[in-house]
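Chain IDs A, B, C and D follow the sequence of writing; residue 1 opens each chain.
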Amino acid sequence: MPIKSIDPRITRANIEIQNKETSKENKVLEKLDHWQTYEVFAQNKRGEHYSHVGSLHAPNPEMAWILAKEQFGRRNKITGIWITKTSDIFSVTENEEEMFELNSEKIYREAGGYKVMDRINKFKKENKKISEK
Amino acid sequence: MPIKSIDPRITRANIEIQNKETSKENKVLEKLDHWQTYEVFAQNKRGEHYSHVGSLHAPNPEMAWILAKEQFGRRNKITGIWITKTSDIFSVTENEEEMFELNSEKIYREAGGYKVMDRINKFKKENKKISEK
Amino acid sequence: MYGGGNIFEKPENEIQEDPVKLAEFEARILAGEKIEPTDWMPKEYRKQLIRMIEQHAHSEIIGALPEGTWITRAPGFRRKLALMAKVQDEVGHAQLLYSAAETLGKPREEMINDLISGKSKYSNVFNYPAVTWADTAVIAWLIDAGAIINQVANSKGSYGPYCRALERICQEESFHLKYGHDNVVFLATGTPKQRQMVQEALNRWWPPIMHFFGPSDKISVHTETLMRWKVKMASNDDMRQKFLDMYVPKIWDLGLTIPDPKLRKNEETGVWEYTEPDWNEFKRVINGDGPCNAERLAVRKMAEEKGKWVREALLNRNEMYSVPLS
Amino acid sequence: MYGGGNIFEKPENEIQEDPVKLAEFEARILAGEKIEPTDWMPKEYRKQLIRMIEQHAHSEIIGALPEGTWITRAPGFRRKLALMAKVQDEVGHAQLLYSAAETLGKPREEMINDLISGKSKYSNVFNYPAVTWADTAVIAWLIDAGAIINQVANSKGSYGPYCRALERICQEESFHLKYGHDNVVFLATGTPKQRQMVQEALNRWWPPIMHFFGPSDKISVHTETLMRWKVKMASNDDMRQKFLDMYVPKIWDLGLTIPDPKLRKNEETGVWEYTEPDWNEFKRVINGDGPCNAERLAVRKMAEEKGKWVREALLNRNEMYSVPLS
């Protein structure tokens, strides 16, 4: 029995209601029917770095670009889109955290690791004493 | 005549000084001798989007990852790196600007396009008058 | 548009996790750090997150149907444009959320299959019809308001990709709320016929709205672990109280009547009292016997089937599935 | 570490550009917007930017040599570590800058070839030797100070990728400046022998420092167009004045003597007066006849040649050159 909806377009489409029992086995989609995924990077303003905004499904980079513009450039103006296949991104997946640990005692390579004013002031004070004598 | 430098290591290396005239034609490197370029995306803090930080030359994604960590994760701690070949990024290069133009009269899809308080206040005032009668 | 509630199941049997890794994982969450897709996570965390984000995505894509129905009949060009923009937003939210769920390893095709077969749920409110234009106004205002309360809470959760998707979604939802409020105010301050329309729509939608945040804490599944893991960010009753606190006064302001004679704020406790929603109806509807369940799934199935030739024409079968990175 | 100066050439002949596109391009820059690699740009803009960024990159990689020489002889473990970190930074800056230049279409290999063949220039200061440890202290303090003044100005320029690289570079340079200042202060407030060392180093480096920002505006190539295009952000003399204003008092504070009897700030005009630097020497050295030009290029050439087998072992010749995106 086709669906009778309050939306006349749906009634006109003559859609059969699924049998509740058989539909449980129903696989409408196979793997990759929605294509592969792409990662989308957008630039919000000229001069800024491109930033990841999300991923989407597309059949090729050109379609991914168009879909990305609709998905991520529809509301706020953006200035550029980069598209790359998810599978073309290389990353490291295990114990990543530890790989990025920094040696905490590297203050010698931070500006904050250097205090010179004490030495300068001491020097000036001593110089003053000498010239006063 | 080999170079005699104030750096003893350079003197020991016995490097011949280039002939100034012939060196002008000297092509030390051929195209792609420094491999192809990769784009590097880094995450500065868990929860944040990955952001483009720059590009670098590498022979393969694994080496690109290692070089990226040294180049972009040496000073400040980062929490992740994505690497992709520059040539694997799809973008649009001409008249990109115009493609991102938004229709300016789309205020109906912004929260700021709706002002309801005037109508509510008018309604309440009128209701009050009626109940006072 | 998603309100939570009835989405978590009891684990079938206790899964033994590596205690060291589990402790590190919990310490990270306690410290307010986000979990990212490549991190170690308990199987139960992954499972419940997939379930929740998937339900949220389904709710967006199915939620577009009762409203989408009214695009051609929206009163006036401006309201047509606004409703189209809103429906496009909801479908876009579904895409963002499916992507976030996919980072946990479940392909989108499987999620759509589980939606159409009835295995996966979506927000119960979308199993009710939008009978008149006033219904779409009430949905856009009050259902989206409930969704925002839920989504703002969830955006403070522990899973990075879900939080990032929610931030974008919440930004867009603020227009939905204003648009819905504007439509309700227009009708409620209009002619007696318009006032009657919106009052009737409110009468129809009040029970689903009370259902929206899920069963009362007294009868819902134990969620202590999920709260500690910042998967569930607030109890169903707390979110319902927050909603009532924010919106009941606004509804009364318009001179509308909420169809619950017991509804009042207890000024001593600060807690809203109300007639207990009919949780048997809630269960009946979520399990398939609501007025629109069959239609919703059939329409979704038709969309997938009718789009098949387009997708196939563009398909490159040489691709392997890969888990999105974020 | 790069100071500008003598880097722009007169266009060989006027290139006719599309006047509409040129007007749009100039309007964008006037509005403070950045130019990105895929945008239309005048040929002269591209050419001068490549020249400038390439020279900047060469200056970083060659600038690592006089300082690198002192790593094994730096006094104490901490100073060795710090100098290694600084030299690594400079090489990293070269990499960032070569990438920025490559976005304009010139492959890195060509830039290195042009460096080694003497066709491309680099900052003239690195054609002088670091004779003692005190020289490295003066370089790290005063040359890096000059470089920061130049780089902060350039980071407000018009070309996106160059600005982004400079932001990262300036952040790292702040350590170089402090490190150099610390070393100079240590020597200048130390024993008479240490004071003598640093005074002699200052005497050696003052003329190159005065050369660092390039020839006086009176004799340098007309740069009005490049200023309008925000390629050149300040005149050579303006930057030199800024440097003198910030650092001469600090040098005098340490009781050191600057080897220029005419050096004084005219309190009426607020302008520093000094003996005009020897621009003939500057030209002679930049054209190849400085004390270290031959050594610098020979060492760079050796590095490329000795690294060749490693690069080749890893090389995949199937790759096509592609212009980096940013």
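Criterion: a residue touches a chain if its C-beta (ideal position, glycine included) is under 8 Å from a C-beta of that chain, and two chains touch if they have at least 3 such contacts.
What you are looking at is a predicted structure, and each value in this text was computed from that prediction instead of being measured.
Centre to centre, using CA atoms, which chain is the farthest one from chain C?
That would be chain D.
Would you mind pulling out the distance in Å between where the CA atoms of chain C average out and where those of chain D do?
Comparing mean C-alpha positions, chain D is 57 Å from chain C.
Counting in whole Å, what is the centre-to-centre distance of chain B and chain C, each centre being its mean C-alpha position?
Each chain's C-alpha centroid was found; their separation is 34 Å.
Round to the nearest whole Å and give the separation of the Cα centres of chain A and chain B.
A distance of 12 Å separates the two centres.
Of all the residues in chain D, which ones touch at least 2 other chains?
38, 164, 325-326
For chain B, give me the residues that contact two or more of the other chains.
Expected reply: 39, 49-50, 52-53, 74-75, 79-80, 82, 85, 89, 91-92, 96-97, 109.
Going by the touch definition at the top, which pairs of chains touch each other?
Once each pair is checked, the touching ones are A-B, A-C, A-D, B-C, B-D.
In the complex, go through chain D and note every residue touching chain B.
38-39, 69, 72, 88, 92, 95-96, 99, 102, 107-110, 112-113, 116-119, 129-131, 164-165, 168, 171-172, 288, 294-295, 297-299, 301-302, 304-305, 308, 311, 314-317, 319-326
Within their complex, state which residues of chain B touch chain A.
39, 41, 49-53, 61-62, 64-65, 69, 73-75, 77-85, 88-92, 96-97, 99-102, 109
Which stretch or stretches of chain A touch chain D in the complex?
43, 46-47, 49-50, 79-80, 82, 106, 108-116, 119-120, 122-124, 127
In the complex formed with chain A, which residues of chain D make contact?
Answer in residue numbers: 33-36, 38, 78, 81-82, 85-86, 160, 163-164, 174-175, 177-179, 181-182, 185-186, 188-189, 253-255, 325-326.
Enumerate the contact residues on chain A facing chain C in the complex.
3, 5-7, 9-10, 13, 15-18, 20, 23-37, 39, 52-57, 59-60, 63, 70-71, 74-75, 85-87, 89, 91-94, 96-97
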